[in-house]
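Note that chain A is present in both complexes that follow, paired respectively with chain B and with chain C.
So, the complex of A and B:
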């Protein structure tokens, strides 16, 4: 599936998500089962299948990681387990230190420290998303294998940040309880 | 997802969590990450003069299967020579822990961590040999 085509938006990383959301809402409304009450069973089935596809496309495009994965797949670059380059050792060392600091903040129930660590990672995630936008915007023909590998690396970094922030949410829930 | 009993056992009571002194020449440190999911794993070994792994510690930030895989890995490599430890395959971890297909990458991570710790230890030994700090070796 090409989520960009499904929602009729340009195939690029940086999107006006408010506009995409609006398109998604309009399409969903047009495909709502209520509108097909009098239609034939096959038309109803088609509309339902299309509605499912539209929802899935929106879930992909709104997510910075899944959007990048979709773009890479459309460019013929394999993504996912075992197909991605190993993370840079210095980056891993730093992520491990950040995770350790987070674990310490959790152990001492220091919510401000948790939030401050989260803020740092959120800022870095946003910066990487910006870099991805620029990288994807380059003319496709100008992108060599090295440039694509750099994009996949950035995507990997984003996943480490997401993992970190998921842990932050879990800790916030736990400390608030 | 349902974890196997062995995964839960290791997850709830992980063996060998901790750190060894990274700057100790007899300690090798392996640091690996899974770009596909964001898990981070550190595995360390202390090797004696006979090339036997005397101690192993790990620290894993990841899911239950990743923690169980690294916990099991440290248990297995203790008492083994580095050559023996190096031959451990991720499929053995999968089998022992009954990992489902979606969690196989956790066992790959543990195997990589062992290999990376051994590689780090060897690199240190070579550097020492070059600097003439070992006796006659």
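So, the complex of A and C:
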């Protein structure tokens, strides 16, 4: 499936998400199961399959990581953590340190420290997302393997940040309860 | 209701909306395009969600059950919703309450079982079915003939809890048109009355559950941006906080707390909470003729931790929706507990605006459910109003090292499906265990286990060679189905996730038969009735499709479709054979298949095209603004731009 085609938007990383969301909403309106409540079983099935596809496309495009993965796949680059090159050891070491700092903040129930660690990572995630946009544009013009590798590396970083922030959410819940 | 309607023997079935609440339940329907709640013979709208099992087999529901609670504390089940879909070993089951629990017999699922009326044991599903039955009767008294029902559930209800709710409805003999998330229902009730576009938050603090939902309202479409909640937090916890305080002041330690005492003090706590809505202090009359005064300020202190918990859930939901509180156009309050002044103050502070309270917070959910039921039953304006809901919790499967791989992230729009591919970890692994989990945490142990099954019969291969595709599909009710398939061999297995606490189909059927005391005949009659309703719906939809999209028909197609329509119409009028009705429905389905596909493509093209035209028009509007200075060229530019 090409989520860009499904939602009728150009194949690029930088998207106007509000406009894409609006298109998604209009398609969902046209395909929603409620509108087919009285339809024949096969029509209901078709509409359901289309609605599922439209929702999947939106789920992919609205997410910076899934969107990058989809673009790479369409460019014929294998994605998925076990198929990508290993992360840079320095980066891994740094993430390990950040995780340890997070675990310490959790152990001492220090919510401000947890939040400040999260803020740092959120900023880095935003920066990488911006870089990804540029990298994808370069990639399209240069079509270079080096450029692609840079994209994949950034994608890997983004995954680490995502997991870190999910852990932060879980810790916030725990400390709030 | 007029006399004519009461005596109309051919009154069509009316769809109803049901709010199956923790503390109170109620039923509503749409009358003259306005949702109204249905009152009982005492003109009361709220039915307390209480059921008393009396010695001798009688069952009392609602206010009668509450009146019997003091005499039969163990046999009167209140707040049963809190136990829905929970295991007997769940911490929630062991919280403060007067009940006695029965152990599961060998072979029975690990469901909570209340021991009532001597040696009877009932599950939360059966207790809920009693409440639904009472609501159905109340609706029948008003409407004669009740059609399908939309039943609301907290957005945060997990799969087990949703399934249990559906099971209860089936036991009560109700056709479930849809399970609807409570906050979405509330927005529907408000949206229809106000016809507003914008961003809304629904803050729903009920008896036992808390939900917050961030919604976009856009031209009749309600889209859920994010949801959050806590299925074990509500007004009951305020009562408990007061009760704990009272018991401590009285010097009762745990050993001296009899079920009767706990029940009395909880009732007294609830009364105190209600009184403090309007009064500054209240005197609680507690057992052994003691009187304890409680100031509102002290009460607010007692519940502050509960409010803080709702606050952190709200902040998370806003973050998930990627919006700041300041961008909201309104905050809707739902649930009786939002009557507490401290809650309203806290919400106003949290969101930076005064919440909307125009509709009775106890009724708003049922009213919204009635609106949705009317839309689904096909009588309403389904072209205008739709709900785009999301899954509240991420769904994933266990991968190596006790880690969860998320297949569908939370806040994905439903219906949805996703496939993830895995491989084997060991050489010659012939089975692959699929462990389905729900939740946001990284580790399996911190999430809720929904189902486990093993895909067997994979031929021996080196590790990493087998390719296992796992597909998750969530339907419009938010219920999950899982399919696993080994790609190289095509071996496949699927489960619809009937979590360990739900009832299997055979059990429901058996309980249904026991309840009906009639057996086969009734089920057959019911199937015929269901097929007839479906036939009518399909015939109406087909006629409409032929009228609006007739230009898409190919030569001879209209004739084939019309013949199939006539055959189905005849069958629906004359036949009592469910098999014949079913095949007539299928025949029409076959005849319209290709036509339906073309209509679908047209609808999709319209939706995407409409967007492009919109976007262009916006640009043109903008260009027109700039162009105002060169007024002469305005019209030309506009036409040119829109093309």
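Worth a mention:
Keep in mind that, in the parts below, the second predicted complex is superposed on the first by the 169 of 177 C-alpha atoms of A that agree within 3 Å, B and C clash if a C-alpha of one lies under 4 Å from a C-alpha of the other, contacts with A are read in each partner's own complex, and residues count from 1 in each chain.
The criterion applied here is as follows: a residue touches a chain if its C-beta (ideal position, glycine included) is under 8 Å from a C-beta of that chain, and two chains touch if they have at least 3 such contacts.
None of the values given here were measured: they were computed from a predicted structure.
Shared-chain residue A:4: touches no atom of chain B or chain C. Applying the stated contact rule after C-alpha superposition, one finds that A:93 touches chain B and leaves chain C untouched. Within the superposed three-chain model, A:13 lies out of touch with both chain B and chain C [touch as defined at top].
Shared-chain residue A:59: touches chain C; no touch with chain B. Once the two complexes are overlaid on the shared chain, A:84 sits against chain B while remaining clear of chain C. Looking at the shared chain after the overlay, A:160 reaches chain B, while chain C stays out of its contact range.
Looking at the shared chain after the overlay, A:136 reaches neither chain B nor chain C.
In the superposed three-chain model, the partner touching more residues of chain A is C, compared with the other of chain B and chain C.
Applying the stated contact rule after C-alpha superposition, one finds that A:48 touches chain C and leaves chain B untouched. Counting contacts as defined above, chain A residues 163, 167 meet chain B in one complex and chain C in the other. Every residue of chain C that touches chain A in the complex is listed here, in rising order: 216, 218, 221, 223, 308-309, 312, 316, 375-376, 378, 382-383, 386-388, 408-409, 412-418, 440-442, 446, 473, 476, 537-538, 540-542, 545, 585-586, 588-590, 592-593, 596-597, 599-600, 603-604, 606-608, 610-612, 614-615.
Considering their complex, residues 31-40, 42, 59, 61-62, 105, 108, 112 of chain B touch chain A. Those residues of chain A that touch chain B in the complex are listed here as 80-82, 84-87, 89, 91-93, 95-96, 99-100, 103, 152-153, 155-156, 159-164, 167. Taken together, the chain A residues at the contact with chain C in this complex read 7-8, 19, 22-43, 46-48, 50-52, 55-56, 58-59, 63, 163, 166-167, 169-170, 172-173, 176-177.
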